[in-house]
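Two complexes are shown next, each including chain A; its partner changes from chain B in the first to chain C in the second.
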Partner chain A sequence: MLQNAWLIPLFPLLSFIVLTAFRRHTGRLAAVIGLAATGASLLMALMVFAEQWQGNSFKAEITWLEIGDKIITMGYEVNPLNALMLVIVTLVSFLVHLYSKGYMEGDSRISVFYAYLGLFTFAMLGLVLSPNLLQVYIFWELVGLGSFLLIGYYYFKPEAKAAAKKAFIMTRIGDVGLFIGIILLFWQTGSFEYDEIFKAVANQEISQTMITLTALLVFVGAIGKSGQLPLHTWLPDAMEGPTPVSALIHAATMVAAGVYLVASAFPLFEASQTALTTVAAVGGATAIFAASIGLMQKDIKRVLAYSTVSQLGYMMLALGSAGYTAGIFHLTTHAFFKALLFLAAGSVIHAVHTQNIEEMGGLWKKLRLTGPLFLIGALAISGFPLLSGFFSKDEILAAVYADGRYGLFVLALIAAFMTSFYMFRLFFMVFSGQPRSKQDGVHESGWTMTLPMIVLGVLAVVAGYVNTPWFGTFLNDYLAQGPVELAHEHHGPLWIPIAATTVSLLGILLAYLMYAKKSLSRDWLSRSFPSVSDIIYNKWFVDEAYEATFIKGTKAASCGGTLIDRYIVEGAAEGTVSAVQLLAKSGNKVQDGKVQTYGTVVILGLAVIFAVVALTGGYFS
Partner chain B sequence: MDTDALLSYNWAIMAPEFTILGVATLLSVLDLFMGKNTSRRPLLWMALAGVAVAMAFVFAELDTDVTSILHDTYRLDFFSKAFKILLLLGGFLVLLLAADYRKKELQEYRGEFYYLFLTALLGAMIMASSADMITLFVGLELLSLSSYILAGIRKKSGKSNESAFKYVVSGGIATAITLFGMSYIFGLTGQTNLFDVVETLQEPVLLEHSFLLVFAFFMTFIGLSFKIAAAPFHMWAPDVYEGAPIPVTAFLSVVSKTAGFIILLRFILLTFIAAAGIDRDPLLVQVQPYVIVLAAATMILGNLGALRQRNIKRLFAYSSVAQAGYILVPFVSNSTQVFELIWFYLLAYIVMNIGAFACLQTLTRDAGSNDVSIFRGLFSRSPWLASAMTIFLLSLAGIPATAGFAGKFGIFMGALGPEPGHYVLAGIMMLMTLVSYVYYFNIIGLMFFRSGGTGGRRISIAPSIGAVLVFCAIATIGLGIMPNIALDFFFGQFDVNEFFMNTGHNH
Partner chain C sequence: MSSVPLSMYLMLALILFCIGLFGALTKKNAVIVLISIELMLNAVNINLVAFSKYSLHPGLSGQIFTLFTIAVAAAEAAVGLAILIALYRNRPTVSVDEMDTMKH
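Entry: the complex of A and B
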């Protein structure tokens, strides 16, 4: 099976080609074709994963290009990390294909949509299977292209067009860094292969400075793709794409590619303390920064987008703190619960035709399936005990603590608090109380939309049990078979999960007090959370406390974050653009259409060269 | 030179040139005798057949050893064969474009177009095969003079006239500068044969005049850079490209540019390879910083210029200036890789740029406008055309899995490879590539994300254009995924020593 792993990306590619070629004739068949292709990929990925689980790895390559005496190869490999990624990508992609059948019903360009999805899935799977950095880069770009096309799918909306362009250009900035890093690595080690590079690093064939430099450059690429500070601004805008796309690309797979890249190149990062610290610091800062912005957003998808940025920051923080397993673990669980949240959000949008949470409310009774599923996702991401997010977040916190990064540890705890707060603010605003606007004909979505959510809902609950302090650390043992030396498993002190749980519950509680208490019937809540409601009984005390501190505090934090975002980050980006435009303008001024000018420019150019040659060549001395 | 000597030459090696010359002559005579209202279509098929036969001769000669006749004024080495393949391929594709060019407009001068086109091609081929300043110059002028007329071939169009006029004047300046530079070299060495020039330049007496040699280098380099539209000789390109008919624009930006690189490689590398500059350092090393500045300036001016263009032909003119800048980068590093890098990039450039021009021609004719908005909503009107154009644009932008990426990647590595690496130049190339995304992706955005355009009607694609599109698209993707196909061919035949090997000529 492992030898045939290269077939996995080809099914979606086939779907893309067929759907593009026969786009006028497929119509409703488009979904079936897409589903069949990703279904086949999913089956194969599962088989590959099963075989990989028994400890087999595989690698095959052919010569692609010879430059001088350097041979550049192309091929594919299966190792523990990418076998896991294969399953995540194919599974989420399959579910999103299914979901889209319902969500995109009636869209006249449905086959184009499925074609783009196929292209993206192909690129993402290709990226995952790549055994060398050059190939990674190639698919990295293709993934970006797929994302570009899908964000701009609603091309008649100017925002969507702008967002697509922004996403492409912003991530390109990161890609330049990545590319330079890859080239530097090539000239230092003579190879693009992960294996060769790791060998060279282990044998200290590269200077320490170079290791740090290249690791940081690779990380710049990851920053762009994974929406880390300061290149994160494209991700919230990317929500202009159809919601299933947001679930697939901007939550579960592509944005996780940055984290995946750092994980695949982990031995390189491990060799440089500076690089690890940078990764951890950027991750930690992003986690809290994005979470603070998430507190104030009014668009349901934007809240989820900032939440994604924040959670990706968490994963980076884990990797930077040498918590390899923790990072991958959170990547896995996050893929499930964030995809679930997006699909549920899509179901809500589908029902009420708005994305503004101010106009929602009271949907719990109307969306009998979506509501509980959203709740599961919200609980999982908040780190509610015994759900998947609880275990993976605990793992991250333990890793950060074990690594001695106490400052970042505190940041991560605060971010965890904010996460549960904004998630439940969202939940209560959408599902509890009375409708805040006229809602006509709200009904639950069809089975094609609910089934994927149910599958993800189950996974969001149970995925955490692959790596727990109690049942066994399967994931860690499994990943330990890979190229990364896993020194130890972090099982921090017991107070860490307790602290994490406490802040998570506090966040939920606060959200409840602020957004639900006035309008929600008390007995519904006491039935669901009997213990919580007892504490809430003392509301006046908490009320006054948060009036004085939290509301002002969070408002200030959020405003600060938004301000930095709007004026400094965007300002810098726009400044660069206008500088380039200005240069272009002045360059075109000389181009006045007069052939005399053109001749003069040539003669002047020649004269300048002669003058410089004469002066520097010592002709006059 | 007596008759025996003339007869003793292996004239067979000139078969490709003779073919083109013969067809061109035949066409000009036929054109005279054809009635005024007779269709000139048969001339096109004959021209195409001529180019195909010439191509076949080049391939048949592949195994021939290095040969030279006429005192090295005509050489057959792998350099000439490899680059003639590019010229003939480009010429063939451009002729196919011309087959569809607004039939009515070209009616009255169809005949001229074909044989002037062939003489231009002949000039370029002579340049590829010559190692003597006189024949190199004759080839250059044959190409130039034919192109001047081609640019103005739409006699009744003001734009076309303006284009031809500007081209003549700029070309005249370029020729003057080139000749002036060459006269320095002749003055210093008393030779016109490049191999003799190389030998004579080693004489100690000449080392004292190295200053003049450096000047000669810059004059010839800048004079010759006119053909490739590199800075500071790039400004004519937008104006000339804009006014000329699209097949001619395609010819200027692809075939003529290839010819420019051929003469640059042949003349500059051969003449100055062993020359000493000021203070007896190798001249080519000494001039490196200047070439870097020129290459960087070309990339910057081309890309920034393209940013603000709305006229699609001007946009492609600037884009082709930028592309010339990329191809200049291998010149900077004096490695033997320069041949393979430039050859491969030119091959990629031929297929992607002619492909793009095929799309342009169809669209501008359909819309009757050169504004960039003609791309609006193309994907919904004509998905195949839009997909093909996307492939070409991605390749021009250098996105992976296209020929443009493979070529750019090689150039990039070549710039960083030899010690010391040219990090600044590679950085500028990277940065400018990034800038180029803006205007290339703007077009892609228009095609996919905009609706409207010309009333949503479908666009018909002429069969000859369709053939060009299919060929170029397949080649662009094929060379991107398997660049080895072309490179294996190149390496299988190419021996860098051949280029510098002085054969069969008597002193």
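Entry: the complex of A and C
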């Protein structure tokens, strides 16, 4: 089965091609084609995963290019990490395809939508299967393209158009870093292959500075894709896309690509303490920064978007603290519960036709399925005991603590508190109390939308048990078969899970008191610290700062460039033109058809020749 | 008899040639232009005759050449006048200015 793994990405590609070629004729069939393709991928991914579980890795390559003595290959590889990713991506993609059938009902461009979904799924699966960095980079860009197309799906909305462009440009900034990193690695090791690079790193064939530099550059790519500080601003704006897209791309898969990249290049990072510290610091800072913004957002999808940024920060923090398993573990559980939350949010939006949580309320009784499922997701992300998020978050905290990064540990705890607070603020504002605006015809969504949520809900509950301190660390044992050396298992002291549970319960309690029971006024905090709340409400003015510096700066530079172009470059061009024209005009005047003029010219020319010969001392000398 | 030096003959020929050239290039009347050309030919004839007498190897060839030139000039004048008359039949003018069909 493993040797057929290359087929997995081809099914969605096939669906993309078919849907693009016959988009006028597919109509309602589009969903069926998309579902069949991703369903086939999912089945194959599960089989690959089952085989991989027994510890077989597989790698196949063909020569693509020969440049001198360098051989560049193309191929695919199955190892524990990417087999797991394959399952996550195909599963979430399949569920999102199913969900979209209900959510996008009646959209006239449904086949285009499914075509884009197929393209994106293909790119993501290709990225996961890539055995070398060049191939990773190709699919990395394709993933970016898929994201761009899907964010801008409602291209007639100016916000969606702007958001798509923003996402494309912001991630491209990171991609440049990744590209330079890949080139440097090729220069140093002569290969794009992960194996070769890791071997060179292990044998210390590369200088320490170069390792640090390349690791940081690769991490810049991950920063862009995974929405880490300071390139995170595109991710919340990406919520302009359809909600299933947000669930698939901006929660479960594409944004995890950055984390996946760091994880798959982990030996490189491990070789440099500076790189690890940077990853951990950026991750920790992003976790708390994004969580703080999430506290005050009013758009249901934006809260979830900031929560995604924050959780991705958590994963980076885990990887930076050498918690390889912890990071991958959280990636897995997060994919499930965040996709669940987004799909549930989509179901809510589908029911009430607004995204503003101020206009919702009292939906618990009306959405009998979505409500409890959203609650499960919220509990899981908050780290409520015995749900998946609890185990993975605990693992991260233990890894950070074991690595001795106590400052970041405290940050992570505070971020955990904020997470549970904003999640339950969201939950209570949407589902409890009385409706705050007129809600007509609110009803539960159809089975195509609820079934994926139920599957994800079950997974959000049980996914944590693949790696627990009590029943066994299956995931860690499984990942240990991979190329990454990970002997160290973090069994932190018992007080860590207790502390984590306490802060998350405190967050839930605070949200309950403020938004459900209303015994605390909703704005008691913002009234006590008006300036702080103002900063947070405006997302720390990051967008404004970029506007004032980079955008204004670029505009000023381009104005200068325009001036140079207009007056210097064009001036030179115009000057040349008019000089030639002048010459041509005088030449033209000579050709007036009169013999006498021609004669004059001949005589003048003769005179010039005489003058030249006389001045240079004679022709014959 | 031979008190006039060669340079004087050459100077005379030069002046004559320049007058002829000036006339050929500036005069409007086609007949005058033809006369000017004759003037330039005669300047050349003076040169030839002068060199046949005063050059390092004096001889008769220069004078014979001059006779040829005069004969050719006469023929040329006849052809030139014939062309002029032919032109005049097509276009009632002898002004060289207006004969600019070479540009087309």
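Heads up, the rule we're going with is that the second predicted complex is superposed on the first by the 517 of 621 C-alpha atoms of A that agree within 3 Å, B and C clash if a C-alpha of one lies under 4 Å from a C-alpha of the other, contacts with A are read in each partner's own complex, and residues count from 1 in each chain.
Just so it is clear, a residue touches a chain if its C-beta (ideal position, glycine included) is under 8 Å from a C-beta of that chain, and two chains touch if they have at least 3 such contacts.
This structure is a prediction, so every number in the text was calculated from the model and none was measured.
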Give one of first, second, both or neither to describe whether A:145 is in contact with chain B, with chain C, with both, or with none. first
Thinking of the overlay built on chain A, is A:605 touched by chain B (first), by chain C (second), by both, or by neither? first
Looking at A:168 after the superposition, I want to know if it touches chain B, chain C, both of them or none. Which is it: first, second, both, neither? first
Quick one: classify A:412 as touching chain B (first), chain C (second), both or neither. neither
Now for A:595: first (chain B), second (chain C), both, or neither, which partner does it touch? both
Intersection of the chain A residues that touch chain B with those that touch chain C: 591, 593, 595, 598-599, 603
Hey, which residues of chain C end up touching chain A in the complex? 21, 24-26, 33, 96-97, 99-104
For chain A, which residues count as touching chain B in their complex? 20, 23, 63-68, 137-139, 141-142, 145, 149, 152, 155-156, 160-161, 164-165, 168-169, 172-173, 176, 179-180, 183, 186-187, 580-581, 583-585, 587-588, 590-591, 593, 595, 597-599, 601-606, 609-610, 612-613, 617-619
Using the touch definition up top, name the residues of chain B that touch chain A in the complex. 165-166, 169-170, 173-174, 177, 211, 214-215, 218-219, 222, 231-233, 235-236, 238-239, 278-279, 290, 301, 304-305, 307-308, 337, 383, 387, 394, 399-401, 405-406, 410, 412-414, 416-417, 421, 427, 430-431, 434-435, 437-438, 441, 445, 448-451, 482-484, 487, 491
Within their complex, chain A touches chain C through residues 591-596, 598-600, 603
